[in-house]
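In this document, chain identifiers A, B, C and D correspond to the written order of the chains, with residue numbering beginning at 1 in each.
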Amino acid sequence: MDKIKRQLTSSSKATRQDRIGKLVAFLCTFLIGLLVVSIFYMVASRGLATFFKDHVSLWDFLSHQNWNPSQVGKDGTPEVGALPMIVGSFSVTVLSAILATPFAVSMALFMTEIAPKRGQKVLQPVIELLVGIPSVVYGFVGLTIVVPVVRALGGGTGFGILSGTLVLFVMVLPTITSMYVDSLRSVPGFYREAALALGATRWQSIYKVILRASVPGLLTAIIFGMARAFGEALAVQMVIGNASLLPHDLISPASTLTSVLTTGIGNTVMGTLPNNALWSLALILLLMSLAFNLLVRVIGSKGRLTK
Amino acid sequence: MNAKRIDKLATAVISLLVGVVVLILLSLIGYILVTGLPHISWHFLTSPSQAFLKGGGIGDQLFNSFYLLVLTLVISFPIALGAGIYLFEYAPKNWVTNTIRVAIEVLSSLPSVVVGLFGFLLFVVEFKLGFSILSGAIALTFFNLPLLTRSIENSLTAVPKLQREAGLALGFSRWQTVLGVIFPEALPGILTAVILSAGRIFGEAAALIYTAGQSAPILNFANWNPFSPTSPLNPMRPAETLAVHIWKINSEGIMPDASAVSAGASAVLIVVVLLFNFSARWLGNRIYRKITASK
Amino acid sequence: MKRIIGVILAVGILAVGLVGCGTKKGHAITIVGSTALQPLVERAASNYQLVNSNVAITVQGGGSGTGLSQVQSGAVTIGNSDVFAEDQEGIKAAKLVDHKVAVVGITPIVNKKVTVKNLTAKQLRQIFTGKITNWQQVGGKKQKITVINRSQGSGIRNTFEAIVLAGKTALRSQEQDSNGTVQKIVAATPGAISYTSFSYVNDQVKALNLNGVQPIAANVMTNAWPIWSYEHMYTKGKPDVQTKQFLNYVRSPKNQKTLITDLGYISIHDMKVTRDYHGNLRHK
Amino acid sequence: MKKYSLTENYIHKFDPNKTTIGLSTEDLQVFYGDYHAMYDGNLQFPKNAITAMIGASGSGKSTFLRCLNRMNDDIATVKGKIVYQGIDINAPEINVYEMRKHVGMVFQRPNPFAKSIFKNIAYPLQKAGIKSKVELKERVEKSLRQAALWEEVKDDLNRSALALSGGQQQRLCIARALAMNPDVLLLDEPASALDPISTGKLEQALFELKNQYMIIMVTHSMQQASRTSDYTAFFHMGHVLEFDRTERIFTKPHIQATEDYISGNFG
């Protein structure tokens, strides 16, 4: 009796192991958290210096169109108007997501509804390969194929938002597709069976039942795709033209936050205004990435409520 | 139009769009291979690169890429596994856990150039690791951790809950259950995730430019003492990887055959990524079959 | 299973151990900065190490700004730069010692289909400030001019603007940050004009004469071709013995004659003029 | 649905001098967040007997069962006492991992590990500290015999357990639980996923086990309860309405709700 009591109330090898395991696992997670916090701190401390140390007004930064941080503009403040980059980044991001969505939806439907076995076998590697192709190679192909084609069709130099969009389209496609496939798979099978049993055609069951049930999943997938597009640097930089001009059409050179950041960072000196201004761009990138993720969470929780 | 015809039409449209995507991929890969494969030879794969002469190879860069990959996985896999297990098994459902999840997602969508600069400031400059494979591996770890953690957690979650209960009901601790019961069953998924992430690491350039550096000092492949500066194994030496090399010759290359080297190197990169993908699939299936013993 | 985890852990610990012991023996020189100068210094370093095996030299790019700020902060031994430290905002030039190691000539390049062969300095300025927008205005075919500038803050752009634009602001246009990319884009874009260092001129693009002067090394030496700049290697204060020896090696007549010219730079010993950071010329 | 009084109940009390009680609960209450899923469970389970727990879906019988070896800890708040060998095993200081070695459990759906048949049983034993190969072999064989599976699998113990049929898998799970030498065996609808023949074999196995183990079983099948069990508890809306000898419950229940449920006039 007492032996059992002792056995049941004292810790054993298993509990000790569990405690250590939990601690180690927690430390790993904590490390990742710490990493994010320190990246945030570094980017924010430098990015905010533009406003607090160099006294650039936030509004000017977001709304002015002249980007030339090493020079002082007519009004006596440094020319750090990030509007062209912000517009450029948003344009390529939104356009590539819009372009990619029908393709991604088709791919996902093909893999889950139309030809689950064959589609899965063929398209899964397709998606993974598209993810696996390095962005340097995308940029290289963009420069040698996409830009000349755009130039031939649309005129201009071929560099610009359209080229950027086309390259990003291929890059975000796998992200959107694979995430949407996951959410289609989570639509319970009886939805389909119920619709088909009522005499609906496959398309009717897809359109009226499955697509509707998976709208939150699709939105989430698109936003993750946009997050990827927003942060992409090398490939876009090679095809967008890097002109800090407010884009007025799709085929004239424009720039994105990442492209200005990557090209400029090596030419500036730490702690100076031109360098801080670039970090401010990085801060925008970081905040946008945060915003995208929070948006996904909001959609996710809304989606659960309506289910 | 009746429902049946709409159904046919919709199927046709979907198939068409799918066909377009497959075509894009095939022509992408085809283009890269067709322009690149003719330049690939044994000499190209094994000899060091040339800065301004014809006939340079990519031997050192190829080795660097693999070495960096191995180091990165050695550092990032245990951490990602730990974090994945924590999030799967131990994390309480509260705002702290939610914040950590958001943080991981944010880290995964961070532009790699920002990660690279962070690695540069912290490890290259602050911790005085210099431009080195180790700095590069740490930077790539940052870049790799969120994705790997998420896929490990997903693979663990994909194992039926019943298995977890089976373990617990037999008096296993949670740790034993995760490691002894769930992890082996999630292994195919985890392996696939690791290999796919390996493909991404292999192709990453932006995060490495400021950490592992963009020069490849001449290596002496007869010297395997990891402390010697010319040894391939020395983790403290700077190392230009294949992807960085492609980026560099496209931007500043002055060798007369720069475009050929670039095309050849791109083709090699793609072939390696292809190999990773197929081996991931093959290995995953094999292990799955082995543990389920299905034919 | 346990064994696998054990192996992974062991390798991890080994890797960490290597960090501890990996600190270099012998004398280490770290050089960071200008990507344009990188191939030259890299090659010089590996030649130098063949004879002086006790010195370990690491050469990296990262850009002139990075080079100057890192050498200023003491994180690296030498900062490579395309620009005078005096011209770089945030750098206290007085603390740095300049070692000029080469001269690089810069030339306007155009797409091969552009028929124009020569531009006056004024025309070139007007093209880059956006006053002239069609090749017809400078005697060519009727075709729009596509200006491709270089990245803001880059050494080559600073030099070009200081010499060609004479204080005027360039028009806002496409920008590229590297010689190689610019060369490719100009080769592929009809009516395009940009500028690169001499060594990036190949059969894909056409270099223009300026005021009838050809962009060749001989003309740079006499300043007949005015668009050129120094390549600098900066040290913080006076260099130590080992670093000084390496710098001397880079500047030695033998090295200057072979390596520097092989890579398309111009030897400092061949220059008949010197220029300071204000742009004042002095004949030797 | 008919309304039944939730306060009117009949719980048989054992005479402690005649019957040994293996496990008992005192005021067991379960909450899922704010939802009160189980009220005042007060039951005594005699040793060497099979107790069946019946009731409609959502009546709380599975919840109750899972509390008995603390499988609900992660998802619910469990209040009250569970007394085993004079110890409250619902107390926070209890080492649940050790406790579960005394109170084993088999689930509704078979859940063998993705390992060989032999390993399925040997692996938990190894984890529990048994190293000798000989002993492992003996224990595997013994438990497989107890679960009436030995004859079917003795020739290919190295085959993957996932290749077995559903009924075999479930018996393997029982064998796996038995190998740990528990006192109490909890079965959560063990036959619900099985065909009649497998169910028959399973019930046969259970019948032979009750001499050594105390078995508590949730079941949806009235026949199964009446065929195999010695005692039956009837659950309704989170309350235990009736608990008595199985013959009594199935012939002359004390409560109207029980009678309706058994005769199929329920709801």
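Assume a residue touches a chain if its C-beta (ideal position, glycine included) is under 8 Å from a C-beta of that chain, and two chains touch if they have at least 3 such contacts.
Just so you know, these numbers come straight off a predicted model, no measurement behind them.
Listed by label, the chains touching chain B and chain C alike are A. Looking at A-C alongside A-D, one finds more C-beta pairs in contact between the chains of A-C. Distances between chain centres, each the mean of the C-alpha atoms, put D farthest from chain C. Here B is the chain whose Cα centre lies closest to the centre of all protein Cα atoms.
For the pair chain A and chain C, the distance between mean C-alpha positions equals 34 Å.
For the pair chain A and chain D, the distance between mean C-alpha positions equals 50 Å. For the pair chain C and chain D, the distance between mean C-alpha positions equals 79 Å. A separation of 18 Å divides the Cα centre of chain A from that of chain B. Counting partners per residue, chain D has 97-99 as the residues that reach two or more other chains. Residue numbers of chain B whose C-beta contacts span two or more other chains: 78, 171-173, 176, 179-180, 184, 250.
Listed for chain A are residues 14-15, 18, 238, 265, each touching two or more other chains. Chain contacts here follow an irregular pattern that is not a line, a ring, a star or a complete set. Under the contact rule defined at the top, the touching pairs of chains are A-B, A-C, A-D, B-C, B-D. Listed in rising order, the residues of chain A touching chain B in the complex are 14-15, 17-18, 20-22, 24-29, 31-33, 35-39, 42-43, 102-103, 106-107, 109-110, 114, 119, 122-123, 125-126, 128-137, 140-141, 145, 170, 173, 200-204, 206-207, 224, 227-228, 230-234, 238, 258, 261-262, 265, 282, 285-286, 289-290, 292-294, 296-297. Listing the residues of chain A that touch chain C in their complex gives 67-71, 143, 147-148, 151, 157-159, 238, 241-245, 253, 255, 263-275. Remark: chain B residues 51-52, 71, 74-75, 77-78, 124-125, 129-131, 134, 179-180, 183-184, 209-210, 213-215, 217-218, 226-227, 229, 234-238, 248-254, 256, 258 touch chain C in the complex. On the side of chain C, the complex with chain A involves touching residues 35, 61-66, 68-69, 72-73, 88-91, 146, 151-155, 169, 172-177, 181, 184-185, 188-189, 192. Looking at the complex, you find that chain C touches chain B at residues 1, 8-9, 11-12, 15, 18-19, 21-25, 30, 32, 35-36, 38-39, 42-43, 46, 56, 58-62, 70, 73, 75, 177-181, 184, 199-200, 202, 262-264.
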